[in-house]
Amino acid sequence: EPGAAENAGRPSAASQKLVVALKPDKNPDQMMEERQSLSKYLSEKLGREVEVVIPVSAAVINEGFSNGTVDIGYLSANDLINSKDAELLLVGEINGQTTYKSYWLALKDSPYDSVEDLKGKPIAFASKTSTSGFVIPLWDLKRRNLLGDGNDPEAFFGKGNVFYGTGYLSAVERVLNGQAEAAAVSYYVLDEDKHLSEEQRGRLKKIQEQGDVPTHIIAIRSSIPAAERAALKQALLELNDGANTGLRDRVVTSKLVEAEQEAHLRPLKDALSVLPK
Amino acid sequence: MIEAAIKNAVEVDGLEIVRGGRSMFTEMSWELPDGKFLAVTGPSGIGKSSLLACLGGRLRQHHGTFRLSTADPRQVGVIFQNLRLSRNLSVLINVLCGQLGSQPWWRTLFSFPAAERQRAFEIMCELGIGELANKPVRKISGGEQQRTAIARVLYQSPSIIFADEPTSNLDAGLSAKMLGILRNQCDTEGKTAVCVLHDAELVEEFADVELRLDSRVEHGWSLRKIR
Amino acid sequence: MPRLSWRERFTAFRATLLLFAIAVIISLPAMTGSGRDLNYWENFMRFAGKFFPPDLSVTPTVLVALGETIQIAVMATFFAAIIALPLAVAGSQNIAPRWMNLVTRMILNVIRTLPSLIWALLAVAVVGPNPLAGVIGLTFYSIGYLGKFYSDAFESIDAEVSDGLRASGANAVQSFQYGMLPQVKPLILSHVLWMLEYNIRSAAIIGYVGAGGIGLLLHTYQEFGHWDRFSTVLLFILILVTTLDLFGEWLRGKILRDD
Amino acid sequence: MPRLSWRERFTAFRATLLLFAIAVIISLPAMTGSGRDLNYWENFMRFAGKFFPPDLSVTPTVLVALGETIQIAVMATFFAAIIALPLAVAGSQNIAPRWMNLVTRMILNVIRTLPSLIWALLAVAVVGPNPLAGVIGLTFYSIGYLGKFYSDAFESIDAEVSDGLRASGANAVQSFQYGMLPQVKPLILSHVLWMLEYNIRSAAIIGYVGAGGIGLLLHTYQEFGHWDRFSTVLLFILILVTTLDLFGEWLRGKILRDD
Amino acid sequence: MIEAAIKNAVEVDGLEIVRGGRSMFTEMSWELPDGKFLAVTGPSGIGKSSLLACLGGRLRQHHGTFRLSTADPRQVGVIFQNLRLSRNLSVLINVLCGQLGSQPWWRTLFSFPAAERQRAFEIMCELGIGELANKPVRKISGGEQQRTAIARVLYQSPSIIFADEPTSNLDAGLSAKMLGILRNQCDTEGKTAVCVLHDAELVEEFADVELRLDSRVEHGWSLRKIR
């Protein structure tokens, strides 16, 4: 077992520095600024030293779970599916739900009302690795029987009409400047004011939504003993208390709630099966 | 002084050269008229190459002045003691490099004009390195390299030639032949040669004047007229 | 026996070593580890194990992507190798005048400072997302590298021969072409081959501009944890890198000994 | 006048140029543009405009991140510069025996083939996500580059002097140290300085392993379109890059002329 | 042949060297006993350096064999025509490099033992380059560089010395002094010298045997005993 904490002769878990790894999410800018406050909060709650790291790649967090150098990680559902040595501890809740939607966006004055209307039109996915900006929309197309055997989106949108961006922004910008008719992105590109200006959002409309997309997850290293796990869960849940919500909202998805791992990940696991090689 | 009065190829006036904090010679003054051959002699490390470097403008003097009859670098040819050939280029190209200054750069970008190549080749044949034309310099013998450097200067055809031990790696026969060619250019074409030489016999045979650098004499130099 | 004075011993080179040593000491905090008791070997093996055996079933996809990448990399390296030459000449203190050095080096520094992503975005902004944008982005990026490498090489060799040519009236271009270039030819070739290798290897730019290529494949396989496919891509890159390396070695040998 | 035969004209160097030309022609499809009629200048200005003026309010954050990055980069460059030297000696055909060349070059090729992400993951897998992992990852990565650059430099110079030393009984290490190293010292220094610059500039690894640094900042600012902050980071990087460049230039001049 | 019978420093048997497709000489056979001084002469490009390179093991012969009395490279010293000094290292270090083979590499990694430095310095003083000890070779004159190369070989103190025009850049006085030192080592210490020379007077004065390379005679070489 790679877990370091439970081996005899090693320092006891509670005396060790707790390592929390956050994958940059909706607002890494704030995440970085809150690095200190989060570690201060947790170390006061737990009575032990806490270090917060922000690896750009979730693969790094998963390696840390495997060799016992990361205790808690904040990552996407897709990242947890790839992880063999971590389990779901808590999940984020958005508008009372532990899932959110993926949107197809187009210009307000465009004639489209559903994805079916986009046949043969140039469109943009957020990136080939985005969950809400590629995997889920692709799965949706598959369910609507719009894709051929190869699950290749070009079969529907037309050869050379499918663009993959480097994130939500690059995909939406193509719509805004007319190079693409629609873009598949997360709900919050349109509904929140993180990525786009008021004016830009005013020019866009949602032509269809699909999902569910599981929200981000707080995962815990599998090899951490139950007692310690309970204490950590408690400390994190207390982020939901009045005074701490500000910190919580700046670092994670918003409210943290308990969830069942299999149930939470299932929609995405199904969707991943349609990915082309 | 009036411009027209200058008929000397080289005029040196009160020259002093310092190298590494040591003064090589002081108050050196002499004149060398057009068409003359000056031999510079003296023991190793006395400052012969330094004097040539100074006259060629690559080393600043400490005191005094000198003046050449031409300010055009194309009219001043130098054979360096360490030759300074492009070791990876062929002998022919190295010789052709002597005339780079007379050609605009786009004419020499890809190759040299055929007429120029022919002329360079003829000079090389005269010096006995004709059949090495296409060999890279790094693959020819020491004496052949030295003759390449001489050929380069002859091809350049400057009015003043500074030659630093141009025959050190050549046997007696070839040395005499090379110096003979230089001497002949002085006599017939009015060129001027300043040449560092070690061999006293060659000095007697070819030079008009000998400039001897010697730390034991006053000011470190003496001049002797040979013919 | 003559002794070196303290000042003579303290050359610029040694001063630099000292400076570097001080920088290293100041940087020691960077060596902070996890503080946990880890089984390094086991961890290493677990990690390496993910990559084996390579999933060769994706070979066709990989080869197509590699083809796209190579095409773009070849074009960009070609343009950069040519454009960087005059820039490097202008940037070398033993060839061009000082003010020109400073201007050119500043341009090269700016080019290198902008990350490849920015070059890609810039190219896309100008010509749209297509292979051409990849070529343009990579070309600029490569000019920044080759320009510096070339001119460092020019500055690192003895300028005796080209000085000799200048003394007989050759101009800057000529004395460079005939006095310096023949000496640095093997180095320049090494750098160009390395640049080609670099462009193929890490052509993330090509992925950014939406032109596909192996950069995108690697990113995708990594995000979805397909490490066995990832290692297939690496295998093909390794074959390419090795081929270029052996070719470069052969060529340097040829140039120095035979040409 | 002796003429070169057809075979003599067709040197390895020219054959390579020909090969390269063919590769370029085959790669021409990469030059496919959008086919639309674009206003290049306007596009360019619109893109460049995003970066101005730089948002200097983030200066403190940037400086802290830069500090972290520099520390890690210095340590990694230091280790790599030392470790790469014996590897490069073993990889040079004019110094070490052939089998040793091939083995060493293969190792260096593998190191270069693995993307920086893999080095970061490997380091994290072994020591956990912390600055040490950054140092380890960058060190390996840099060894791949410096090892190749050093040995290309060794192979590109005339081995006459060191051959002469070998002829009088010196062993490989000695003839390298006294016959070759003095010649390539300026080049090696250039490469080390470039490596330091590269590590600072593009220390993506440091971002991967969660040790912060400017890699993370750039990633963040880009993801959220804060291009004015992005350009603040670039500004500081440019200052560093230029400092290192000028320092390198000064040092090469010193070594060649005075030391 | 019985091992003990060999008392010759160099034995050459039926040697032929080909360079660039051209045969330099054929069927060259001679023997040089310990303690003798052989001068190799001949015009430029005839193959003198090639012969030395072959005997020193840096060039393969086309035909024939040769044998040296020692197989240890430390016992064979070479002064190259182009010197092959490390231009960026000091004169002293260059001289010390002569003994690299006798020291394990970790002893020479950072510096040389003080006793060795002293011994090298004494040789340098004898050759008149003592005060240049700390100057980099690229900053000394041509003749000084040549004396550095000679000092390196003297410091190496091999039993066979191959010297390729060791005095080409030296004046007559210094040339005689250098060859006198070599000659003396042959006479008193039983060393053997094979030395390319151009100056006939020096050959007469210092050599025991002259090997003349000449394309006009049969096989391209002739041997002449001087004393």
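By letter and in written order, the chains are A, B, C, D and E; residue numbering begins at 1 in each of them.
Definition applied: contacts are C-beta pairs under 8 Å (C-beta built on N, C-alpha and C of every residue); 3 or more make two chains touch, one makes a residue touch a chain.
Values in this document were obtained by computation on a predicted structure and should not be read as measured data.
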Those chains which touch chain C and also touch chain A: D
Distance-maximising chain from chain E - centres being C-alpha averages: A
Among all chain pairs, the one with the most C-beta contacts: C-D
Inter-chain centre distance, chain B versus chain D - centres from mean C-alpha coordinates, in Å: 45
Cα-centroid distance, chain A relative to chain E, in whole angstrom: 77
Distance between chain centroids, defined by C-alpha means - chain A, chain D (Å): 34
Chain D, residues touching no fewer than two other chains: 117, 121, 125-130, 158, 185, 222, 255, 259
Residues of chain A whose C-beta touches two or more other chains: 19, 57, 59, 63, 66-69, 166
Chain E residues counted as touching two or more neighbouring chains: 82, 87
Set of all touching chain pairs, with the criterion as stated earlier: A-C, A-D, B-C, B-D, B-E, C-D, C-E, D-E
Chain D-touching residues of chain C, taken from the complex the two chains share: 11-13, 16, 20, 23-24, 26-34, 36, 38, 40, 43-44, 46-48, 68, 70-72, 74-75, 78, 93, 101, 105-106, 108-110, 112-115, 117-118, 121-122, 125-132, 134-135, 148-149, 152-153, 155-156, 158, 184-187, 189-191, 194, 197, 201-202, 218, 222, 234, 237-238, 241-242, 245-246, 248-256, 258-259
In the complex with chain A, residue positions of chain C that touch it: 34-39, 42-43, 46-47, 57-58, 61, 117, 128-129, 208, 210, 216, 219-220, 222-225
Complex contact set, residues of chain B against chain C: 56-58, 72-74, 76-78, 80, 82, 84-89, 93, 97-98, 100-103, 105, 108-109, 136, 156, 158
Interface residues, chain B side, partner chain D - complex: 87, 117-118, 121, 130-131, 133-134, 138
Parts of chain A lying in touch with chain D, wherever the complex brings them together: 19, 21, 24, 27-29, 32-33, 53-57, 59-61, 63-64, 66-70, 166-167, 169, 194-195
